[in-house]
Structure formats: structure tokens, C-alpha cells
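Next, two complexes with chain A in common: one pairs it with chain B, the other with chain C.
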Partner chain A sequence: MAGKRKPKLAVWKFASCDGCQLSLLDCEDELLAVTGVVEIANFPEASRRVVGGPYDISLVEGSITTPHDAERIHRVRRASKLLITIGACATAGGIQALRNFADVDDFISIVYPSPQYITALAKSTPISDHIPVDFELRGCPINKYQLLEVVGALLNGRKPNIPPYSVCLECKRRGTVCVLVAQGTPCLGPVTQAGCNALCPSYNRGCYGCFGPQDSPNVAGFAAVLEQLNLRHDDIVRALRGFNAFAEPFRKVSEAYEK
Partner chain B sequence: MPVDTSPEKAIYVLETGDFQTLLDAVMERGHSIFGPVLRDGAITYDALHRDTDLPLGWNDRQQAGSYRLVKTKRKTFFAYAVGPHSWKKFLHPPSDMLCAAQRIDDRFSINEPDREHPRRAFLGVRSCELHALAIHDKIFTDGPFINEAYRRRRQDILIIAVNCSHPSETCFCTSLQTGPRATGGFDLALTEVLTSGNHHFIIETGSAAGAELCARLPVRKAARTDIEAAEKVTSAAAKKIRRSLNTEELRETLDQKFSDPHWGQIADRCLACGNCTMVCPTCFCSTVEDTTTLTGEHAERRLKWDSCFTAEFSYIHGGSIRSSTLSRYRQWLTHKLAYWFDQFGMCGCVGCGRCITWCPAGIDLTEETRKLQEKKFVIRRTNGR
Partner chain C sequence: MKNKTITVDYLARVEGEGGLQVKVRGGKVTQAVLNIFEPPRFFEAFLRGRMFTEAPDITARICGICPVAYQMSAAHAMEAACGVAVTGQLRNLRRLLYCGEWIESHALHIYLLHAPDFLGYDDAIQLAKKCPDAVQRGLRLKKIGNSIVTLVGGREIHPINPRVGGFYKAPTMTELDGLADDLRWAVAAAQETIRWVATLPFPELERDYEFVALRHPDEYPLNEGLVVSNKGLEIGADEFFEHFAEEHVEHSTSLHARTKARGEYHVGPLARYNLNFDKLPEIAQQAAREAGLGPVCRNPFQSIIVRAVEVLFACVEALRIIGQYEQPEAPYLEVLPRAGTASWCTEAPRGLLLHRYSIDSAGLIRDARIVPPTAQNQKVIESDLADFVERNLHLSDDQLTWQCEQAVRNYDPCISCSCHFLKLDLQRE
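And then the complex of A and B:
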């Protein structure tokens, strides 16, 4: 990179809670290092300064829920060399995709006093349903070390170490006692992608599946394990319908258990 | 492996009330002690200093996919089987720095990490675990390629074994002749004898270091009746073991059943989560991970535990050669029970039962092997899965 201009980084927001963008701010000590190697060209959470495109790296947070956003994401794609989606909303539709399992108009009529002003798409969908995405960073929210890892890998021209295998591998490497086996606590670790360093089991709780399905998910087999733990069918549906409810492997099995 | 340099093994009796003197003597010899302690609802291996750090009075109940602790009124020291941890976490750690590189102007320097050379004592090593250690010793330190980090960590370990009195329901060492009684590879081996009015340890020396330690303890020479009482403990333990693995012609059978539809039935249940490989004391596979700082001034290369249950594990140019869970489970089981013989001249399983207990889906390799063995061998066309 020496002597060259700093790559321009932009952060874009779609339907989301801003939590993933905050992970970038949360980098604190490392944030200075980030600004040392990239020019932050567009990051509304951090600064009002906007530098025009094109951008070398775009980080996209949030899902597509309105016709306006479905249009805007194409402009972001056109202005970006590398586009990375960050978080469960952008990669799977997010918690707001729970509405995909029902009729959005029913919700709108209950929630808003003047529903006629609301234009929302029938479904909350991931960015990759609309445009080609170069890399997906999972999590609700993303893990700041994974974000730094991806940015660092891109800047140094190497492969990012973002393993797509299960949370259980991280859980066992850190020596946590399995809450599923030792306590019968429902834990989504076996079907969920690693990335959080198995945070919840280390605090004696089951995994909530924030990072979405691992790359070889056997969700039907996992649901059978939950049945063995005496979970009722509606409990199993709820366990699978979190931040990544609309990710296909989770969605298919939750729909099967709903019947 | 500690060498038995004592002319004859000696057998002593140590009262349970004097157990701390053993720990003190070990620590005075400069070893930090690691052994069974209670943590988060299981018995794990961590640092300990006092006899009261041990899971006194605790039993375990293990089944396929389930582990529970039970408190009893008795003051037993070692009345449980192996838990989720194994000694490999100390000798072949889950994440280990191989080297680091630093950029200096337009050159770079490579720095090897300070190789750990800790003086540790492992307390409460079970017979199956001694066999697992022997397997890793062979793989890592025997042959043309030596794992230097392992060798250094291993060389000064003092091993205090414990003969099992309370095998778990998932133990099957008797099928593989790996337990429940330790027969070698230790400095000291303890048997906890608890009869009405008596609660003491029978200590057998297995090395000069072990003999030297005993010389500093308030022990008495074991009488014939003491030795018989200890033997009764381990023979009773052996009788309690319910699970079994029939190893007769196992290698040939597994070869023949390579395309059996039963593998598909296992794959329906297997979550490809990798827990079995992580808890297994003999699984040694690792991957190498390179990281850099943002600026690229500093880079590190680390070794990390890997698992044959991941897609990345068999990734070669163009894709994963074991894309199905079926092929991954089959790889794991046949490597353990068949191809390990070709590779290392021994079985890759020591019958500790961890992969059975800690599998969230409760998949039991002894049960699956039995089902494969029971099925008639038919030559069938396969799609080459």
C-alpha cells in the first residue's frame, strides 16, 4: 500500500438497528489504525463528512424492506469495487424478516395510525437477493475482530480467516463445558456458524444462532435433538426464528415444525 | 514417556488424610499440578493446589449425549470417569503460535515464539488417557518429523495415574485393552480403596521420579491384603463396563461396508458439529492460520485444532472432497478404527467414551460399528459417494 492513495471505505445503512456499524466504532483502539490505512469516505454514524464515490470497499448493513431501498442498493453496488454485507439483516433479512412468515399489511394496519403512508415490501430480504455480494460477514451484531480481520485481509491481499464451520468448534477450543450435553440447555451452536468465539455458552447460556447457519447445517437432525430435550414443536419454531429466521436452512425446518 | 528405572516397582499405602503431602511433594519438585476440578457442571482438567480442589464426593452419570454430576455423602476423591477435557489441551493446545514476522523497511524478520518448557504434573490420568498419550507421543515425536513444541511440553510431565473405580456408562476400554487399570506410562499410579473403616490410596511406582516422591511421603509398605483390595477395585470396575466394541476383523469389515446405506442413516442424525473430534484425546488434526495486522507490519502463523467434520478440512483446489456429512462421519470412524492401523500400526481409539457422551446427537460409535458389523455384506453398485 505504501505510497499509494488510501483505499476509500464507505458504510451504508438499510433496514437495521445500526448495531453492526457501531461494531466499527466499537473498535476504539483499532479504529485509529483503520483510519490510518483507509479513508473513511462515508460513515454517517461517525462523521457527517461525505466523500464521493467510487469506493474501494463498501460495508452494507441492513436488509431490503422498501421499494426505495431496493432501488438504492443498486446505486451502492455501482459505486463500489468490493461490497461486503455486514450482519444478520444484510445477510439473511434480520429479525424484521419474522414478518415474512405472515402478512405485512396486517402488521402495518395494527402498528401505524395512518397506514396509507407506509410503503413496505412484502418481505425483508438479504442484500444478496438483489445484487452480487463479494463477501458476507455474519452476526447480530458482527464481531469486531472479524470485521478487522476482513478489512485487514483485503488490504494485505490475503484470504480472510472467517471459518464457516460450527460454533461448537470454537466452544470446545476455549474449553467451555457444553451446556447442551451437561445441562440439557437448547443451544443452536451445532447448526450455527462460528465467529463470536462461542460467547453465550461461555456465560452458561445456549447459542441463539446470531451468526446464521454453518456451511453444513443439519437443522432437521438438530430439531430432533431438541425434541429429545422435550421441546415442544412451537418451542422449536421459536428457537429457529431469531435473527436469522429467514436463512433457508433455518426457515425450512421451522416451517416444517409449524405444520 | 517416563522410563521405569526403578529396579522393582514398589507399592505403598497413603492415607487419604495425608493426600496433601503428595501434592506438596510434587509442587516442591517444581511441578505445577493440573487435575480434575469441578467447573460449570462437569469435571474438567485445570490447575489445582489443594486436595480440597478435587471433586470430593462427586460422581458422574454419562450417557450418549448427556452428562450429569451427582453429589454423594462419601468423601471419595476419584469416583468418576473422564470428562470433556483431555490432556491434549496442555500438550497440543487448541491454538498455538508457530511463528511471527515483522516488517523492517522492505525486509522482514521471522521470530519463533519462546517454546514453552513447563514443568507440569498431570494428576488423575486414567488408563485410557495413558494410551492416548502414548498415541500422541508416537505421532508427534517418533519418526522423521518431530513436533518440537509437543516434545518440549511433554518431556518433563510427571504423571500420577488413577486406576478407575467408577467407569461411566460410555466407557469401553475393556474392549481395547486400554483400561480400567493403568499398566505403564506413569510415574505413580493410585488406586482409591474405600471399605468400611478404611479409606486410603494404594500407590504403585512406575519410575525413579515416582519412587523418589514416595520416599518423601508418610506412606507404609503395602501388605498383601492391601494389594488384593486394590486389585478388587479395578476388577470390579472392569465388570461394570457395559459398552463394548468387537475389534475382530474390524478393519476388513469396515472396508467391506464402505458403501453400506447405514452410513446415510448416521448422517441423518450427525450435525457435522465436530464435537466428537474436539473431545477425543487422540484426534490431533490441526490447520494453520495466517493473520496480519491492518498495516501488514506484523504477521502471525498459528496452529489451531481442526476437525474432519468441516467442509474446509478437505478443501482442495475447486472444492471440498468430502462435501457430504456421510463422507465425513465415515472418514472419522474408519480413520479411528481402521486406517489408523495402516498409518501408525495401532488403533486410533482408546475407548474413553468422550465422543459418545459429548455428541449433542448422542451418536455412539460402538453402536454404529455394531450395526455395520451385523449387516450382511453385499456387493452393490455405488454412486461413488
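And then the complex of A and C:
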């Protein structure tokens, strides 16, 4: 895009913890370089300056949980040429999608003394349930280097290099001894998408699924392995109901084990 | 004489979604409201039925800026419920991890979110064009804080290493030594930060706050201490709900907290500093004095100096911990569940963070309550706004609006936490 205006980048927040957009500010070494090649046109967490649309790239964090946000996301889509969802909330509904397995009114009354002041949808849903999405970047939180890769690739009109395979491959590449096989530690690595560089096993703990299901997961077969480790059905349900609980492969099996 | 309404629909440079509205009638503020419209996420509800060991990982997701704080309050509360105390090097490692989060979070707020207000810039990108050295210093400080969190916690956002009982893996002495050179640079950079922020123009506002923070006999508070105030409060975390109440108001999806006896109160760096100045290391006390701060500071705009003093403290403390570190034999203590209820407070970068859990004998969570710092500060933010606007009605609408935003940002509000962002609506009728 040499010689042309800088592409405009916008960051939008829905129900989330702000951690994924913080990943952009956590690019301490790259941040000023990034602002040299893209115009930060809308990023309320970092700037009070707002430049109007349309935007070349929108990064969307968070899930849809209120009637207002279900409307707002359509406005964001209309103002955006490319729209990338970032993180488990935006791509799978997030931890707040645990409400999807319960009655939201019960949840409201547990937390708020005056439930009548609260407006919430019955389900927390990913952005792609509402609008077409150009790329979904996984993780709870996302990997900031993957974020730079996706933005860089899409601005240059190439396909982002984001591996869809499982955490297991990252463990093998690092040379981490398998915590599931060697220690019998429950580990979601076999069914979870790579992206964290197999962090948890390198700390002697099992993967807990931050990056959501890998592209072809055998979750039912995996759950059977957990049963062999003597996990009870409710343990298996909890293991699959983390930050990507509402992602279909995890959801279907957790619902089967709940019965 | 003067009627107006100041409105900010969507407050920038805060974490989360909120706005603000101040109504003025006849030269008096009739209403000052911090609207919080961050969508509720119902953590306290879905924690029910989860295993006690899951609380640190789940509650970390309340806030991407201060996940360590949530992990610490949760782990300590569970340990208290199960009758286990984590001591020695494991306790030191937790303190080190927390120092990393303070450095990262405070450097972010000082340089990227708050300083631009004082100098009239929309953001740190503009600031970086005028003061490149300062912004570069801030980014490097932030990175060093993050490198501590990454080493001890596994990653900077939502660390994976902390657990009930300690850590999954304890770092080696060599790994921690690797942080020392950067931290020695950071001590000097923190001193430079204090000198830099002390030169900023500070609007006048001094208020008689009730400051609430932890206090510990031997140290500047992070993970542990009694909940104390400058108005005579001194209680354990278990007594919290006997002395504090939460209210639900229509304009906020975050509950407002108050003391039952006196009402609004102030948590965060200013509260910690005023209640614990004597516990700061000499080098930090000295730097504060040189910046013109005494042991008491009641101007909320000067919280930026206090944050810088706390960055210095955290760098010095991190170096101290690294200097005397020996790798513990086991990375964690075994914690077996038992039925019970316990509360614990730690000092998040933005202030006091309480978790209370009831668990059953199998370790399942039966009830959870979380009181985050920004929820506690909502009332005091609203009174600051009312007070500030009334004193500054001579300012233009644009200027007044911006300074109202700045007054909110004094608290580094984390609205994702409190609900768990912000919006200013200044009405001059």
C-alpha cells in the first residue's frame, strides 16, 4: 500500500475481559511500528480520538449478550471492509456462554439484587452467529504474534498462516513429555487448536482448551480416554465447559455426558 | 445562572464500557452519574458447581488487565477455606508475580492512558510524536512487568501457572536471575517516571476521602493484610460484609459498594499510599518527597505520581525477592477440599479485590461473591465529578468535558472488572 493512505484499523468491544485487545498494546516492541503503517481510527481503550468509517480492518472482541449489542454488531459490519474476530468470546461465546446451559433469569437473580435493571439475552453467542466474519482468531487470550500475522496478511491480501492442528503437535515440536500418557493428567491438547505453543504441558499441567476445538477433533473418543483415567461424567462436562464451552464439538459431547 | 449538561457517551482509555453524565442547574451540580453499560457476564452464577481448583483460571477471565489479582484473591480464599497457608518462597513468588502485574498495569495507565490527558493529547501515539523518549520508557517498563508475569505465570494475559496451593512449576534461580538486569534498569526508569509525572499540570481537587486498603505489619500490601481505613476501620476479610454493603442502581451493571457506617470510600493506589507510606522502601519514600508528595496525598489527579511511586516499589521489591530466592522443593502445597466459607482480599493494581467462596466437602463451589475495585470506587468517582464540575464551571464545555474524563481516569477504572467502560454526559440546563 506504499504511496497510498494508511489503512484504517478499528477495535470494537462486546462482552469480554478486554484481554485480547490489550494484546495489541502488549506488542511493546511493535506498537509504534504498527501505528506507522496503519491508522488507529477507533480504539477506545487506547485513544479518545475517533475517526469515522469505513474501516479497512475491524478487530472485534467479545460475544453478543444483549439486544443492544445484537444490533450494534451489524453497524460494525457495515462500516468494515474486513472483520476479524479476536478471542474465545468473539469466536465461541466465551466463558459467559456457560449461561447457555442454564436459565439466564436464575443467573441474573444470583448476581443482581434488582433483576429488573438488567437486560440480557438468554445466550452468549459468537459474532459469526450474527454477521459474516472474514477471519476468526482463537485463544483466551489470543497470541499477539498471531494477531500481527493475521492483520499483516490480510492487509497484504494473503492468507494468514494460522495452524489449525492440535496442541499435541506443538508439544512434540517442543519435546515436552506427554502429560496425559506419562502422568495420567487430564489434558485437552489432543482436541484443542494450537496457538499457545503448548504452554500448559510445559508447566506440568494439562491443556484446558483456551484455543477451542482443532479443525477435526474426535471429542467423543477423547472423552472416552478421560473416562479411562477415572474421570466422572461431571468432571468431563466441566473439562469441556471452559472458555470455548459453546463451540459445537465441545458442546455436543458435554451435553451427551450431562445426560 | 449556569445550567448545562456534560455528556460523554463512551469513555475512552478505560477498560470496559461506560459513560458519564453531569447535570448543572443554577451553578450547582444536581446529578453526576457514571453509567456502566458493560454487559453483565454473571461470573458469580456460573462459578456455582465448578471445582474449587478452577476458580483462579475462571475468575482471571473477569479482567484481561489484572488477571493475576483475580487468581491471587481466588487461590488465597480457597486455601483459607481449606485451612492451608502458603508461606516461604511460594509466598514470595506470588508477591513477585503480583509486582509484575503492578508494573505492567501501572506503566500502561501512566504512559498510555493517563499522561496524554495532562498534556492535551488524544492518545499515547500523539504523545509519542512529542515525547518519544517518555513513551519508549513507558513501553519498556511495561514490557519488563510483563516479562515477570510471563516467567512466573507462564504468559502475560491469563497466566496458566498459578494454582490453589502455589504454582504448577517453580522457576529456577537462574531463570529469575535473568530478570535482574532489566529490573535494575527499571528502578532507574521508575525514578525518572516519578520526576516526569511530577512536572505535569495538576487540576486542584482535594477531598476528605475514606481510604480503604490492606495493611500488613511488615510490608507494603499485596497479597495479605487487614482491611483498614483512615476513619478507624480495621477488620479481617471475613468481616467484610459486616462493614460494607453493595447496592444495585439502575444506571449501572456494576454494584455500588459503600461502608455501612459512612458511605462512599476510595480504594486503589492513593488509598494504599496514604495508609502504608511507612511501609514503602526508603528509596520510594525519598522519590515521593522529591516529587513534592508527603505521606498524605488527597488530590486524585496526583494518583499518577503515586502509581509511579508504586512502580518503583514493585521494581525494588521484585529485585529483593529475586536476590534471596531459592527454588522451593515442591511448587505447590496439596490442598484438600473441606466444607466451609472463606473470604480473602488482595491489592489489585486498581485497589482492594475481595473474593468469598463457600465450598462443599467435595470441593464444589456453592456460592461465590466478588467485589472488584472499580465497583467500590463508583460512588467516589461520582462525587469527584460533582465537586470538580462545580469548581470549574468557568471552563469551556470542551475543556470541562475532557477534564471530567480525566477525573474518571484518575481511578484507572476497569469496567470489565466492575461489571464487571464508560460514557460522559454533561448537561448544563
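The criterion applied here is as follows: the second predicted complex is superposed on the first by the 259 of 259 C-alpha atoms of A that agree within 3 Å, B and C clash if a C-alpha of one lies under 4 Å from a C-alpha of the other, contacts with A are read in each partner's own complex, and residues count from 1 in each chain.
By our rule, a residue touches a chain if its C-beta (ideal position, glycine included) is under 8 Å from a C-beta of that chain, and two chains touch if they have at least 3 such contacts.
Computed from a predicted structure; not experimentally measured.
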Determine, under the contact definition given at the top, whether A:114 touches first (chain B), second (chain C), both, or neither.
second
With the two structures laid over each other on chain A, which partner does A:106 touch: chain B (first), chain C (second), both, or neither?
second
Quick one: is A:84 in contact with chain B, with chain C, with both, or with neither? Answer first, second, both or neither.
neither
So, A:182: does it touch chain B (first), chain C (second), both, or neither?
first
Look at A:154 in the shared chain and tell me whether it touches chain B only, chain C only, both, or neither; answer first, second, both or neither.
neither
With the two structures laid over each other on chain A, which partner does A:127 touch: chain B (first), chain C (second), both, or neither?
neither
Considering only the touch criterion stated at the top, classify A:59 as touching first (chain B), second (chain C), both, or neither.
neither
Contacts of A:204 with chain B and chain C, given as first, second, both or neither
both
Shared chain A footprint, chain B vs chain C, residue numbers 204
Which residues of chain A touch chain C once you look at their complex with the stated criterion?
13-23, 25-26, 28-29, 31-32, 35, 40, 44-49, 65-66, 68-69, 94-96, 98-99, 102, 104, 106-108, 110-114, 117-118, 120, 124, 140-141, 196, 199-200, 203-205, 208, 210, 238, 242-243
Tell me, which parts of chain A touch chain B in their complex?
1, 30, 33-34, 36-37, 148-149, 151-153, 155-156, 158, 161, 163-166, 168-169, 172-178, 180-184, 187, 189-191, 204, 214-218, 220-222, 224-225, 228
Going by the contact rule at the top, pick out the chain B residues touching chain A in the complex.
39-42, 44, 65-68, 84-85, 89, 94-95, 267-275, 278-279, 289-296, 304-305, 307, 309-312, 325, 328, 357-362
Show which residues of chain C lie in contact with chain A when the two form their complex.
10-17, 37-46, 48, 50-51, 54, 57-58, 61-65, 67, 108, 112-113, 122-126, 128, 135-136, 139-140, 142-143, 146, 154-158, 160-161, 163, 168-169, 246-250, 253, 255, 331, 405, 414, 416, 421
